[in-house]
């Protein structure tokens, strides 16, 4: 683990559930991305910075998710996210999604982010200021 | 306007934007539904109450939305929602979605909720306790 | 009704349902937008044309939806969409979403599209070629 | 690889893109789930069978996804999905998502499905009829 843990709190909303009565699996990945956006904000470089025309981009190149417990409408969630690895051109964020009331892990999501040139075609080094902010 | 205004604060997340760079129109309706869920929580009857087997259901039977200003990744939103009408078997919630920083309305969403029997087939009277909670 | 009816066939997928076991209301608007994209393709001007830097844009400025019958996972849908109105700077698409097997209308969605300059700030006349294609 | 390859064709719709102009990563997992639903239909046991009160359930317990190429609004996709593993109580589906025009893989998604009792609490053996259908 590289940086300290950032905590993002949210609630399972109805629109994210499916006909099985629990959160739809792909929406759990959404939650991890929201925690990542929240982490970037706290680090001083919100995601919108990386959407500007001249900025490097940070596409997701891989995701892994483990689902352990169902999450239902109204459940309070506590998402603990850390930057678990920083390489030359990519970094990894790991999120533990806990049911806040029970304090147990409901899902675990790992996202692999690559740094690419503004034109979006080739990987490039993570800028120093971003590396510092994530560490 | 029947009840007082409930305020729900949120942030435009990347997953809700589209290739035009702004919030995807259907996701703005999502935000209004989240504000509605937040209002129900404050009223003491969170949405999950109405998902229980024996409970009346509250399906949406109509929605209207006006989009005035683009909402972008990272924009802080202030959603002001009120129960604008209560009939015998239905009620209406009206949401003004404001860009928090500028204090201007970006979208306005009206949702029409019907009260139906647990089996979901026919409209029924809104129970007194729900009527009281919404007023 | 201005143009002829365009038919778009699709299936209710699990990810579009919610914990009430039916399609989540905002996702029904999604379906109408997909029918609209399909109509634009047939008209020879797919939506991606309007995402190019120099092109006029076609943001949605209003939506209305009526929900009559539940749509469930696996239900085949037949969406009948028409351009129901063309003004100088805006046009309207109306979609009837039918359960294909029963041949009954489950929802009706109206989308109001505005034509704006490439910079996205002010309404402009619908170009002749687009007007012709939509009529 | 256990069963033969099932092909599911679809188009990238605008609502699935994000402000970076390409498909939002979590929506690519959605596409793989749609291909899985299509495979179940072809196998004679559509997903809705597993939503019935007395049926075993098939929750997703893990997902992995690799993103190689951007997918944009209007892109035709060809998803090749196979049941890549069947264990006693779980099975795996692997999807290759190809840009149909170029014939190149844009993403690869693996979903791990577990078979659980109707009450949803413990894993159980995959029924013979389902095992046969998936093989």
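Read from first to last, the chains carry the letters A, B, C and D; within each, the first residue is number 1.
Throughout what follows, contacts are C-beta pairs under 8 Å (C-beta built on N, C-alpha and C of every residue); 3 or more make two chains touch, one makes a residue touch a chain.
Predicted model, so just to flag it, every value in this text is computed and none were measured.
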Going by the average position of its CA atoms, which chain sits the greatest distance from subunit D? B
A-B compared against B-C, more contacting pairs: B-C
Approximately how many whole Å separate the CA-defined centres of subunit B and subunit C? 22
Averaged over CA atoms, how far is the centre of subunit B from the centre of subunit D? Could you give it in whole Å? 32
Where the CA atoms of subunit A average out and where those of subunit B average out, how many Å apart are those spots? 27
Considering subunit D alone, which of its residues make contact with at least two other chains? 14-15, 19, 21-22, 26, 30, 33, 51, 72-73
Complex contacts: residues of subunit C adjacent to subunit B: 19-20, 22, 25-27, 29-30, 33, 51, 57, 59-68, 70, 111, 120
What does subunit B use to touch subunit D in their complex? 14-15, 17-19, 21-22, 24, 26, 72-73
State the interface residues of subunit C toward subunit D in the complex, per the touch definition above. 11, 13-15, 21, 30, 33-34, 37, 41, 46-48, 51, 72-74
